[in-house]
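Okay, got some structures for you below.
The following pair of complexes shares a single chain, subunit A, combined with subunit B in the former and subunit C in the latter.
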Partner chain A sequence: MSTFDGAILDFKRLETLASGDTTLHRLDPRAKVIVTALFIMAVVSHDRYAITRLFPFFIFPAALIAAGNLPLAYIIRKVLLLCPFAIVVGIFNPLIDRTIVLQLGDIGISGGWLSFASIIVRSTLTVGTAFVLLALTGFPAICRALEQLGIPKLFAAQLLFLYRYIFVLTEEAGRASRARELRSCGKKGQGMTSFATMVGHLLLRTWQRAERIHVAMLSRGFDGSFRTSRKSSLGSNECIFIALWGLFLVTARILDLPKLIGTFITGGF
Partner chain B sequence: MSHHLVELIELRHTYPDGTVALDGVTFTITHGEAVGVIGANGAGKSTLLLHLNGYLTPGSGEVRIGHSLLTKETLPEIRRTVGMVFQDPDDQLFMPTVFDDVAFGPCNMGLALQDIEKRVTAALDLVEAGHLRDKPPYHLSGGEKKRVAIATILSMEPSILVMDEPTSGLDPHARRQLIRLMGDFHHTKIFTSHDLDMVMELCSRVIVLSHGKVRADGAPREIFADEKLLAECRLEKPLSMQGCPVCGVNS
Partner chain C sequence: MHMADALLSPAVGTAMWGAAAGTIAWCSAKVKQELDDRKIPLMGVLGAFLFAAQMINFTIPATGSSGHLGGGLLLTILLGPHAAFLTIASVLVIQALFFADGGLLALGCNIFNLGIFPAFVAYPLIYRPLCGQDPSTGRRTTATVAAAIVGLQLGSFSVVLETVLSGISALPFTAFVSLMQPIHLGIGLVEGVVTAIIVGFVHKARPDIFIDNATVRHGFMKSIVPAFLALALVTGGFISWFASEKPDGLEWSLKKVTGREELDGANNGLHGRLATLQGRLSFLPGYNFKKTEGAKPEAGGKNEGGSRVGTSMAGIVGALLTLGLAVLVGVVLRKRQQLAATRPHSHEHAHPHRHEHEHLHSHGHTSHSHGHSHEHTHPHPHVHDHSQPHQADPNPQHTHEARVDVHCHGHDDSEHGSHEHHHDEHS
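Showing the complex of A and B:
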């Protein structure tokens, strides 16, 4: 449980990275949000068996990680942490869809396995890119960008609170379970009964703490909209960023780039 | 400067579980006063302070800040006037970095970027936490958190400063620093503390709470001279008023 606590704290590091100072960090959050949204749409809208066609899309997060000076190993670890969820989502595909769609020598690969692999690739791409966006921008700035892009103020505020709330809950959980662990003298801590009351306590404590944090925000002039201390506007940098990546994403979505390159190389000889 | 007035009239508060935490508290604090609220554990000090920025609503009675009654309509304005430092700094810090946290208030006040930067730097310097500005708040020690929490309020330059046990968890140097800092703050300040020497040093007035009631209200020297009162309220003379245990000289 204490490792769980650590994993969450480690998650918060994403936010700390957002205070970096590269060109990408300084870019207006709106530009990054727009391109990321385009990216996710382009990836998700591929047909269910697409795998190789998705590979060019790795260029986008990779380029951002490189230009944004982000720790690659750390981001990969965070993506791996969420992989089990993708596996749960796709695990039944191989059982349901048994038609052979691909023949590799003697081995026939069923549509189910292909779509399973596709789900893994897609979730890696989208989750990874979302993390990269977070590390380059920070959640409050993303909420602000969404608000500026026309999402209702209330919705953006709720998004931010939800996000804060998750951390509050896990912190409280970490503390409570640490206290329980330390006092249960290496035994299982009186099993389920103490666990159940602990969970009840936890929800109450979280709720109270979230409320106190909310008051702390209100007493510092929070009125439902987010202001960040970073100046930004949609200038030429932002336009170039959106235009270039937009062009890339549209091309990669419409054309099958790996196949084109393949025929180009084999056709060249 | 009447907008720095704090007035409580027959304030009562009962928690949902039936605990009567405040039982008819009345007092008026005028501009520029430094008031220490003292009393035993559970006397109702924190409960009292939480009424001053509208976190808790009175069961009955009134809270007035600068002549305006605390209601839903006046709440946002009052919260901007009253800068409140909570007993637990974890409740106060919620942004990804110390800088963002201290800048949160000034940002919401709609200040220009240079001014925000200036205020944050000044506030952090006041509590000697300038070197922490890029750290995430959850990686700070308890006392550092406390200092940053105080900076988040100072950066808003409130006209009434309310602090719940500001010196708990601070090292002696940081405590000394905070006392100096609070001495330099010339608007109204109200704080609770078990650090009676600090109360002695800073306050022009002391309010003693006991079981949710005001037991005494007056100048620190008078209150701390009343041994019967102190014993009844689980208090002691500040060390500075006790005789020296080493050389045996009575003060």
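Showing the complex of A and C:
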């Protein structure tokens, strides 16, 4: 059951990365969440044929990966498993949009290939940056930042609860699934009925677990609200972080930096 | 059928985020109003259940392929629409962050497509009327299958609309729809059958679970229709407002891609424009890089061919340099980071080895102290934040404890999980 083990390993790996100790890790999570949101908006707001214009945006994840001391190979491997849906839909672009819009030497490049390449670059940037945010911050801290930024308390609590029990239930489901797989030898016994019964059992156990948790919470004085000790503040570091990256993102969005640099270099020869 | 960032325009993405966020706020308020404490842990744990159940595959009869549960409808039947919607949304948040299913901007779309349709359309408008009060097994199955199919059809249709409105993919509406809807008819059927079996199973074992949900207020329908109308108006208005600006953006983009300063000729839609461009470009003799070298010195001149080649050359050089710059920034910052790490002052940073060690140690400790009690739960899980203690307290030991705390909970409980599991399997 590689998916279960893989999922759990992923969670643990990202959690370990988030416990790093660099200036970036220590930043208030809100600053990182805000800049990441800006980044994604800046990237996706480009038109469908933009490719080189997106290149300056690689500076942001590259800088964070380096300064945050994150394992580059791991992030790249994660990003390489690009969202399959984007690829599947994007691959139709070259088939449909065949108009030649760019001529490189003797090779004509159709609009479809350009927009497909653009989809891949976008995907890499947005997915990669989301991972970097997670690896630098950690899920609980992101939830807290979101709560401070205004998402309902109940939903923040839900996210934390879910995250807390994902490890438990994924391991449990993984064991049940492995047992079924081993007993069904070939294909027989892997059908919908055995699946539904197994998941039904899992569901009943989950329900009972929830009831025990509730009793445990009540006995520890739960009164319907969650309390957290908040000590975070948006200090000067956070302001500088937001201001500098904000400036960079806005500049890269408005100006065609690669073209400017290129013109400067080729004109300067 | 997760939507992806790469296929989304910001207008569609933000509109969907708005819709999803509004619904989350509304549902949170509703669930809070219900004042049912039990729902809070139930939602959390069922979310984790959904996440895990989605990873179990089963073979689909007669096709040889395998599928997995979506689970939106299942949760709605068990929890009621509001709590189920929050639970589905939270699972999607985790999937977007940890597994890059879609992306962060597409999260709004995904919550909308996979959450709102089963919880607020398929359940109240299909499942409940078909099911009625105290349904027979056959009736419940029919209602479940119908609701699952409707929910998935609407969801996949919504994916198509979002993709086409965004205009990043070149797939035309009709082709995409005729691709997506039949596939999701099959998926919906399988989902419905599996959900019906699970619901039937749970109903036999724990009929008490369903009692709460039978008392869904009849005023519910009245409140949902205006809410939906408002949502549709806001979403539609927002998208069309942006969509009207689209041609400008596209025109601008074509200029950038082709390196042309001006676009003239027929401005009749995209195809006319592309055709014009193609015509203009093909008039030029096939210019290549050899020629570019020659043309470079006079790039500033008025020579039409030369300046165009110059700009496209500049574009490529610039792009390569920018990528190089990104690498350079990374390398320099990493070097600085490594230098800082080797300084004797900051030894506290994460050593996987040592971490493991403490982890195991504290694991033993906690499970011992809790003995055979059922669950270990905090009223406020994860109050410790990894990044936090650093600012307040430079003492490395402190931060380690906080981290280990988070980890050892997970282990403590999984240990319990395994005991339970063995027990259940043997019985």
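As a working rule, the second predicted complex is superposed on the first by the 188 of 269 C-alpha atoms of A that agree within 3 Å, B and C clash if a C-alpha of one lies under 4 Å from a C-alpha of the other, contacts with A are read in each partner's own complex, and residues count from 1 in each chain.
The rule is short, and it goes like this: contacts are C-beta pairs under 8 Å (C-beta built on N, C-alpha and C of every residue); 3 or more make two chains touch, one makes a residue touch a chain.
Note that the structure is a prediction, hence the values are computed from the model and not measured.
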| item | value |
| --- | --- |
| Touching partner for A:Tyr74 - first (subunit B), second (subunit C), both, neither | neither |
| First (subunit B), second (subunit C), both or neither touched by A:Ala216 | both |
| Touched partner set for A:Pro56, first subunit B, second subunit C, both or neither | second |
| If touched residues of subunit A are counted for subunit B and for subunit C, the larger one | C |
| Common interface positions of subunit A, toward subunit B and toward subunit C | 12, 15-16, 18-19, 138-140, 164, 171, 209, 212-213, 215-218, 220-222, 227-229, 231 |
| Touching residues (chain side subunit A, partner subunit B) in the complex | 9, 12-13, 15-16, 18-19, 138-140, 164, 171, 209, 212-213, 215-223, 227-229, 231 |
| Residues of subunit B defined as touching subunit A within the complex | 53, 55, 76, 79-80, 82-84, 86, 88, 90-92, 94-97, 99-100, 103-105, 107-110, 113, 116-117, 120, 134, 136, 138, 152-153, 156 |
